[in-house]
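Shared chain: chain A. Partners: chain B in the first complex, chain C in the second.
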Partner chain A sequence: MSFIPKPIIILCAILFIIIVLGPLLLILAETFTSMDNLAQVFLLNSRQISLFKNSMLVGVSTVCFALLLGVGYGFLISRTDIPLQKFFIFSGLIPLFMPAHITAIGWIKLLNICGFAGNIFFYSWIGVGFVLGLAYFPFIMLLTLTGLNSVDSKLEEAAALIHSKRHVIRKITLPLASAYIASGAILVFVFSLSNYAVPDMLRVNTYPVEIFVQFSAFYDTAKAVILALPLVAVCLLLVFVQRYLMANKSYISLKARNKQKMLFKLGKGKIAAGLFCALVFSLSMGLPMLILIIGAGNLATYAIAFKTAWPQIRNSLLFSFVSATFICLISFPLGYALARAGKKTRLFIDLCSMIPFAIPSAIFGVAMIRFWNRPSTTIIYHTFLVLVFGYTARFSAFAIRAISANISQIHRNLEESAELACQSWSKRLRFILLPLAWPGILASWVLCFALCMGELGVTLLVIPAGEATLPIRIYTLMHYGAHKLVCGLSVILVLIIMLPILIVYLLYNKYKHKLLSNGAI
Partner chain B sequence: MKKLLILLFGCAYLFISCLPLYAQSKKQVVLYTALDQIFSEPIIQDFEQETGIKVKVVYDTEAAKTTGLVNRLIAEKDNPNADVFWNNEIARSILLKDKGILASYISAQAKDIPSQFKDNQGFWTGFAARARVLIYNKDLVKDPELPRSIFDLTAPKWSKKVALANPLFGTTATHCAALFVALGDEKAKAYFQALADNQIVMVSGNSESRDRVVDGELAVGFTDTDDAWVAISEGKNVNMIYPDNRGLGTLLIPNTVCLIKNAPHPEQAKQLIDYILSRKVEEKLAFSSSMQIPLRKEVKKPDYVPDYDALSVMDIDFETVAHKLNQSGEFLTGLFLR
Partner chain C sequence: MIELRNISKSLGKNKILRDISFSVKKADKLVILGPSGSGKTTVLRLIAGLEILDQGQIFFDKKNMNNVVPAKRGVSMVFQDLALWPHMSVWENLAFCLNKQNKTKITEMLSAVGLEDKAKAYPQQLSGGEKQRLALARSLIFNPKILLLDEPLSSIDPLLKDNLIKLILDLQKKMWITMIYVTHDQAEAAQIAQQVILLHQGKIEQKGSLIEIRNNPNNLFVKKFMGVK
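Here is the complex of A and B:
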């Protein structure tokens, strides 16, 4: 822990606990003290069974779709001579930054155009799994990529001497990467289990939908909180499974293709492989976007959209920029601690950062109001700082993990050498750690910026009076049938989210060689 | 590094010191409104121009099923930030009254509003109403076979052809609870059971109900006048029926405006409530694309907006309806949302 002094890490941990856990603990305490009959909530009636069944079906179908797309995609771009490899790496990551409900809107509009409005297969757990699978497959793709990069090439080469390459892939390569793939599947399962927007749009009743109903139709916050507890329990259980699977392994590798690894020649299959990746891109991003662009009509729609929604666009940009920066500032020391600290500290950070994934945004919103709306914290609740804290609570886990993954790849010898060479921790931080860790920080910033731009659930409940964001504007317009404007603003939202990704991608390509020679990636 | 830290702390200090300026302004009022921004914003701007009072608004959205603000008001009860709540319906205003979130204020502007639409203690006051109507596709339903009553829709010929929004939210929830009150529990349950048996199509909201009828996917849909009028005014091949004009009556759901208890700016809040309850606001809402029905006789309105007197209005006590919401909601959850 020589790069960042303990007091700074402790300070960030305290901030993290106040911002992330404070509101949740308060609302939990209020719930348990206000509810007379807790057992009633957990009573296993036919509705509870139906909710459990639907939630599981959504989770499993999402994982199946995401595995189908993510493993194949990850393998093709990392271990084969697929054409347009650079483009497919980039296009495979894009859905990660597109809000799942935008994908759902695109698909619903597409089905309506094709005359399949209200199709019973789409408006079911199959449809939800399909849409969420398209939205979340990049997680599996990224972990597959990392897993494949970690496979020892000597094992593959030895196997290849006596077996066909297809056999090597099936029996050596994929089994060795399976822990990473399973870990990705767990992550996707947790995300799909706590997603509200897509099941609601496709009218499938899952736990998050029921929680929303209790909260919004019956105004029973206590029951909504209690209903969220099974989600938290499942989530925490899966964190332990994931930790077991990923013991001493890194989550993310930013290398797309390790040149020392065995490369599988596709031969005539090149075109089919290219078509598969193009199809995945089309389904996840291309088609929904195309539908939105067609729906928006001509350029005049965008002009009207910009003119009428400029204050909301400006707010979204400002809030997301400040939030992403704050998240990275607080997550950097915690990510470092997650990579370098002892087992207990690591487990603590891991668990604390995973809990927010299982909490539906509506509950988070109310918890934030109860926690921050008091005379002593007016300065936070009445300004956009409350949004910054809300976004930090929701998304800092992503940043902590990405930064930690990056720091884990920096050899400890470097740390020890730096300590011998330089007494000042700040110099070690500035000249050694930051230059090596910045890809992780940058990736976290971009991801958090994108997530903040699309956030709706918490924003809706805590946004200061007189302010609004772009997603709020889009949802408001959806109500009175302003389809063109909804499509136009959705396209603008996606483009704004894409802009920093594109800049990072271009910078990466420009300075890749310099970075590689510095050992930064 | 020390210089950098000093600079960072300096910037943070400046930023935090400026925040109160951002947060507060002297002559202002905070309004939470569930009425669509497109309709409420011009009225708020007029009020600002006339009085010089700055209105800070929080709008609700379709994503929150227009209940996000109610939850926010409940959560903010101990330290309220809103001064005025302008609700686009009535049942949740009564719920807020029951939870002790509202303060009493009887506006002089409300004296000629029918007593059915205002609280006699002044906790909420209704104005400019929407009606619960049936929208139908003119290609799919011809005049002779038009349903004149919501009870016609249980007939087999309407099987799988009728849309109903989620009965737990918005005006649909109020409508369902009103039927429980008007018909009695047993008859209401039998009616909804008959609709379920007739495979009524559940949709997410009233706007989706309208859209699916406009698209010709369904023949008839339960919706509100404002949603139906959006499609009719755009020239879509649909029309609307005010159902049960000769029986139970059509349900009218007024907007309501309420003063928040311990509001930070009570005087400005009362000024805003007076303005919202004025005749000119009812007139503006009648002429807007939300085609709200004025509850007062002399208010000017376009011809397509029906006279309040010409409608057979469901005679109902809204307090009883609001108290029925949970019971009807629980029954309908079991019936439609498994």
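Here is the complex of A and C:
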């Protein structure tokens, strides 16, 4: 813990508590000061039952669909001789950065083109599960890949002396990776329950949609919070189960196919496997993007989109840049502490940083308004700072975990030898820790930037007047029926998100060998 | 002089060290010998300040070091895995340890360990022996008062080992440094120092010269470990 002084870590922890947990604690306290409100929590009316049923159906269908795609995809790219493996790793990851509501817009347009506008199957929990499954399957793919990479090859080899490869994979490899797959399924379930935009677009009344209605239409904070409680309880429980499953395990391992691992020769099945991965990419990203590009028509649409929505594009870029930077600044010391501090501190940071995963974006939005909308904090509430704090509340948990995972991989002796040789913590930080940890910090920044660029749930509720972002503009235009502009702006949004990812991916490939050899990845 | 008084250390429920006391005179050499898991490395880490003591006191020149941070103890350590900073060149690995860039000092140290032509190379481009020499140079460049070596030669061949031991002893003598060397290899211990502490399950089983210990083992463990029939 000698690389970042304790006061800096404590300061970041205080900031995290104020920005992330403060608003949540406040609305909980406000809600339960009234006994009437407390009684309503236990009131099981038909509306509650219907919301619960809809949300669970959305969650289960999303998980089923994401598992179907993610496990197969992860297995194919990690344990088979599938062609174009590196391309498929990349193409399997990028849907992670595409906002789910843009995927939904693409699919809605496609159905309209095919003459299925308003199709009852699509405008139901099945459609929501389908779209969210396509948007979230990379989580399961990533964790399946990491799980398969983590299996000790000796265990498989020992079994391979007795059984066929197929049997070994079924009885040894997959069971050993099952904790990772289950953990991915839980994350997807929780994220799908918290999603506001897709159920809203497909007219399915889930908890986040109802919370938004209760707050924006009736300004009934207490009811919104009470409504969300069963959802939050389920999500918190699952998030802690996920934490238990992933205890001491790394979340990300993007190693290319390991020569030492047992490979499954596909033979003639190579083409089918390649087609499966290509199909998954097409459904999740390729096809919706193609439809949006076609929907936008010619270049003139983009010119008009740029001209009319430039303030929103600029706002999105500025807010996302500032938010991602701020998130990384406070997440780096906390991620470091999560990787290196004593048991109690680690547990505290771990538990605190798990909570945001379980909170729906609409609840965060309501909480931010209640917390910051007061005379003493006008400078925050009436400026884009409220958005920066909102994004920090939603996404800092991702950054803390990614940075912590990266720092855990840096051998402690490298820090200890610097600790003996150099008295200045800032010099140790600058010359030893930051050069070794920068891949994790950069990856976290890009992830947070992409998530902030696409964020809709919190933004819709807390956006200060005149500071609309690009997703808000797209969402508003959708309701006005400006189809061409919606398509054009959606394409622009995806391109802006993808640009830094592409740059980082190219840099990663260029310097991968150097990074691997100096222990940074 | 280094003095350890009644030090104890636990990790969770495991008692790693129990009531250890010993001292080493200035510019003297001491070998801590013992099987794997006996607590040898923990002793070094406590002296360096990388672990916090549960009990006992550590003195350097009669000054209590219990609350002194590692960087202010004047201690350097060669780790078992050498812990060379992979993103820095040989030159940068040495320069980082100095408060101000001192080209002459770095050049002298590189030549003392025979790495003058490898200044621009990165650790991963060095051979095993060269890495050991760089680790040694890095630990000596800031003139520490105490040098701790944690099985630094465990993974190299015997011929190279002899050369490196000679280099370590030469530099220790030239720089007048107090040295504590940890190993499980009796032959290596015999080459390094006369004074030996034999550690087992966190306790000192016997102190003295290797010959004394071999001739008069205190108990059955010492007898077995030293291979006395």
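Convention: the second predicted complex is superposed on the first by the 503 of 521 C-alpha atoms of A that agree within 3 Å, B and C clash if a C-alpha of one lies under 4 Å from a C-alpha of the other, contacts with A are read in each partner's own complex, and residues count from 1 in each chain.
One rule holds in what follows: contacts are C-beta pairs under 8 Å (C-beta built on N, C-alpha and C of every residue); 3 or more make two chains touch, one makes a residue touch a chain.
Values in this document were obtained by computation on a predicted structure and should not be read as measured data.
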Requested in this report: Return first, second, both or neither, reflecting whether A:431 touches chain B, chain C, both chains, or no partner chain.
Outcome: second
Query raised in the report: Regarding the shared-chain residue A:32, is it in contact with chain B (first), chain C (second), both, or neither?
Result: neither
Report task. Based on the superposed arrangement, let me know which partner A:375 touches: chain B (first), chain C (second), both, or neither? Result -> first
Query raised in the report: Touching A:201 in the superposition: chain B (first), chain C (second), both, neither?
Result: first
Requested in this report: Once the structures are superposed on A, label A:121 by its partner contacts, choosing first (chain B), second (chain C), both or neither.
Outcome: neither
Query raised in the report: Which partner does A:240 reach: the first (chain B), the second (chain C), both, or neither?
Result: neither
Requested in this report: Classify the contacts of A:423 with the two partner chains as first (chain B alone), second (chain C alone), both, or neither.
Outcome: second
**Report entry** chain B versus chain C as contact partner of A:306, first or second or both or neither
**Finding:** neither
Query raised in the report: Overlap of the chain B and chain C footprints on chain A, residue-wise?
Result: 427
Query - Complex contacts: residues of chain A adjacent to chain B - result: 46-47, 50, 112, 117-118, 197, 200-201, 203, 205, 213, 215-219, 221, 362, 365-366, 369-370, 373-375, 378-379, 381-383, 385, 424, 426-427, 430, 456, 460-461, 463-466, 468, 472, 475-476, 478-481
Report summary line: In the complex, chain A touches chain C at residues 2, 411, 413-414, 416-423, 427, 431-432, 435-436, 517-520
Report task. Enumerate the contact residues on chain C facing chain A in the complex. Result -> 48, 50, 69-73, 75-77, 79, 81, 83, 85-88, 96-97, 122, 124, 138-139, 142
Query raised in the report: In their shared complex, at which residues does chain B touch chain A?
Result: 1, 16, 19-20, 22-24, 30-32, 36-38, 56-59, 61-65, 67-68, 70-72, 74-76, 78-79, 81-82, 95, 168-169, 173, 201-205, 207, 210-212, 215, 217, 226-227, 230-231, 234, 289, 326, 329, 333-334, 337-338
